[in-house]
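Letters A, B, C and D mark the chains as written, and numbering starts fresh at 1 in each.
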């Protein structure tokens, strides 16, 4: 272990922040206070926090619909939450929700509503970075289910041909809604697909935040030199596909078994081994919760978009020089 | 070599028939007598004749736009030529041309104008054969260029998941119009893609009619048991992409080099080794040419579709029970 | 008569047709154990097993084309899009493959495939999960398009669609899937191409489909209070279109308002307007008004309401028309 | 003035914009050494090298989305479809990705991408290589659609499209790519949304785009012999649409015939008809007539003519309208 206790506590805080952030969402959902479809990444925090920590200063990230734990550590918590609650001071003026969130400033490329379509878009973005001689790469996250999309094939192949600075991070949580990965494909490891494009591919333990971070760091270093690759992180979706999904289709035993491997507990164990105290961890909990509560309070007080903001055609068309666009 | 001289002469006749058929087309094109875009498979006869001979009685074939040599040996030459010339007694009443030709009777599924779209369609057809407990499989032919399409990825994956009785036959002629295969992908052998779906895949010499036939036969036997696979046959496109393409983009030396490996010459050599005489081969030439000339004469005399045949809405809609369809 | 939810009507239509014809099968994302995202296939997997109802990977183009192939082989696929929006990825399959094979083959092959797709707004689900998609497909020869507004129509039309020998795009509206309506126990079908007079009237014809039928009904109630008599027509299918029924109404009222949820520009309202302006011009006493969504990718959440047509916009348009 | 072919006008527009702005680049199938299927990019690869002009694998969805991504990063991609028909595979990218990113991001990202696509019949190339595709895209907010009929318009509009900060679908007609027309040496641009009076007249307004403009011109000559004065309007762009110009003409003539090559049902003619019936109803003296292709997937070869509108169908329609 090359990390100091303090560094590890830092990762721990992020994992906890990811978990608590979604638990907060969950509370709101259960109270019926939120609009939208909530795809929670509870249980997958290590994969996401690992990615977020591997990103270099100039690198870009394409998240998925299930990336709140990652976003809660990458973005400004208040502005993120404002977007989540559809407020006009959110990252995208409340128009995107976490379905489509993006931010230029934070180097966050849009979540795509069409699974797979974001993959070749990310490749195009990565290629542009290379053309502009930026020392930067893109991490494009996608789920196991998404790998079946034609756009993924086309995008990965184009990335390989163009030596695009990109890492495809497959967050394999075992399920695409009700479809287990074993019924989405006959292969064991989705990173095998890399062979089809002449790229390197590797499958790792997605519940180990350090492994994820370090693997991604290496992959990113290669990507910045024009060597794209696939990293598959295996983890598990603890919740239903979205909040409200009763999840009948899932074997409760498999489910319980998988949930035993809790990325937070894992790191806790290591931390105790390094001499961390209950008090230290408890302090983190308090700090994190406070931040989250503040963010939600801020967002709740924030204004919803007005009619005029909603019907602002300058946000639809950037150039309007005559003729009738409507 | 497990084939008698007569059997080999049979293959030879088919190769020659494929070549001469397209040379006949070429003559017509040069005289400006034909409408349409002609993608000729000259040089690729062994791959196509190999496929056609491997098909079992109940098997189906999906050809490509460049499959005239194969079609000239699988279909009725007159009806094929009538379709090629757009006559109303062609396989598809002259509406399809070899762009879209199909025939239920001949177990020929349509050539698709959208490269790649035919692949999942073929999988659907194959699955239906299996559901109906037919002891049959589909050979779905596609070019090297087509393998980059998302539909190919989606279709192959679905085939694997459903254990569909299908063989994907990649006729790799080195080019997709002006794009060499080395710029379409970073991998050497396109059959490698099979690994991405958990299927077997093999790359063979596409200019050896016997190898193609035997490899396909084995693959088909497996397919009929619900084990799909990819067979890639490497060959070379002698002509431009279509007749009229000057082909500037191609290195003339590479071109000449590749054309030295002529599948017909190869078989000729073997035949001479087995004691075949010039006379025997010359007789084949005559026979083949006569058949082809007859087919074209028949087609030329055949009627073009009338206005009424063209505007026959019963050929657009199968069910018309009221309301306005137009 | 018993009342059932729209989603159940869809389920029953599929169930009955699967029972009647062993060539009918159902594929899509999460159609098996989950019974579809909005319950439209609840119980079918249990009833018919994994050979007739099975999940596909997330590969829309692939599995709609799979349906095209199976249909050519004599099967009668029902292919579900989880959200109609995703049909953008199967646009070729739905518009350019299925509907054309018959003509392209000289009449030899047909593609008796039904593509079911839940569409429309109402959940604040933003720009890529809320669209009405019908207009994208209006220009394809060979295709048929069904858009029912009630559980009764949904069941009857879906059964017909499944039996139809052509490719049919069957659009169910997400916001209507939970509404209940009378549906007889006995079997019935409704032919494609027969519109319906939802409400009789004499002053103006309101043509609406799916969710907008209900907005039109509310608008008509309000207009009635001011002495304006609105007739409401629900064409139910866009292809084939019941031009006759529309014409009769226009002859009576001389005034037309067409309402749809998709953006106004390029929506099906333009086709219906053009049909009227071409065939029933002499009956027209006023401009043909179209009402559609704002020309905006729908935003997330509550503000989507600001973009959509509703009772009020209909009332206002009708009043202006009659001024 | 010098005369150049339409395809050369396209090439020049691309070349000039690539010279002007180093962020402009060109991708597609066979755009590099081959210079595009119809020569529209001849010489650009040699001039700008493989970083600005490069081939993509046969993966339409992938590379249009690649363009969307590059555009978000500040590049200005020109993405060529080899045949417009193939856009069915990039339908999501062209309609649902590019044009929506701006609004979905709250105005932060835009997608200044031009998708060029040669469309139309004239080669007897059958049902999947002959289509006019514009109507499929009319219902997407955020998109613009350009359809020039002359080399002059093609060059001027393409330059504007490339400079435009939104996603533009630029449709060039295959059968027009070899025609020649006057194009000045000097630089010029034409704004999107300005239609053009191709021929002055007083009795009837014929609205046509692309190849049908020429059919309309021939028809007008023939009509003139019989004393009928036809005005021809070429809107040049469908989105934005020059409603004002159309309205002025309708006010003058009171009669409208709209002609397009795509099938009549669901074609852009319906949108233009609806715009007229809504905004200029009082000027109308007769039904609005649409002329389009038969509702048929175009057949191979010569018989495609039986399906398409032409001079004769226009003449006939106008005469009936004036009876």
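By our rule, a contact is a pair of C-beta atoms (placed from the backbone, for glycine too) under 8 Å apart; a residue touches a chain by one contact, two chains touch by 3 or more.
Keep in mind it's a predicted model, so treat the numbers as computed, not measured.
Two chain pairs are in question, A-D and B-D; the one with more C-beta pairs in contact is A-D.
Chain centres were defined as the mean of their Cα atoms; on that basis the chain farthest from chain D turns out to be A.
Rounded to whole angstrom units, the spacing between the C-alpha centres of chain B and chain C is 40. Separation between the centroids of chain B and chain D, computed from CA atoms only, is 35 Å. Mean C-alpha position of chain C lies 30 Å from that of chain D.
Shown for chain D are the residues that touch two or more other chains, namely 57, 59, 61-62, 85, 88-89, 92, 96, 103-104, 126-128, 141-142, 239, 265, 294-297, 299. Of all residues in chain A, those that touch two or more other chains are 94-96, 100, 112, 114, 117, 148-151, 153-154, 157, 161, 183-185, 316, 325.
By the touch criterion given at the top, residues 35-37, 86, 94-97, 99-100, 112-117, 145-146, 148-151, 176-179, 183-185, 248-249, 304-305, 307, 309-311, 313, 316, 325-326 of chain A touch chain C in their complex.
Across the complex, chain D is touched by residues 90-96, 100, 102-104, 109-110, 112, 114, 117-129, 131-132, 150-151, 153-155, 157-158, 161, 312, 314-325 of chain A. Against chain B, the residues of chain A that register as touching in their complex are 148-154, 157, 160-161, 183-187, 192-193, 195-199. Those residues of chain C lying in contact with chain A across their complex are 29-30, 32-34, 37, 55, 57-62, 85-86, 88-89, 123-129, 264-265, 294-297, 299-303, 306-307. Residue ranges of chain D in contact with chain A, taken from their complex: 51, 56-57, 59, 61-63, 65-75, 77, 92-93, 96-97, 101-110, 112, 141-142, 144, 164-166, 191-194, 237, 239-243.
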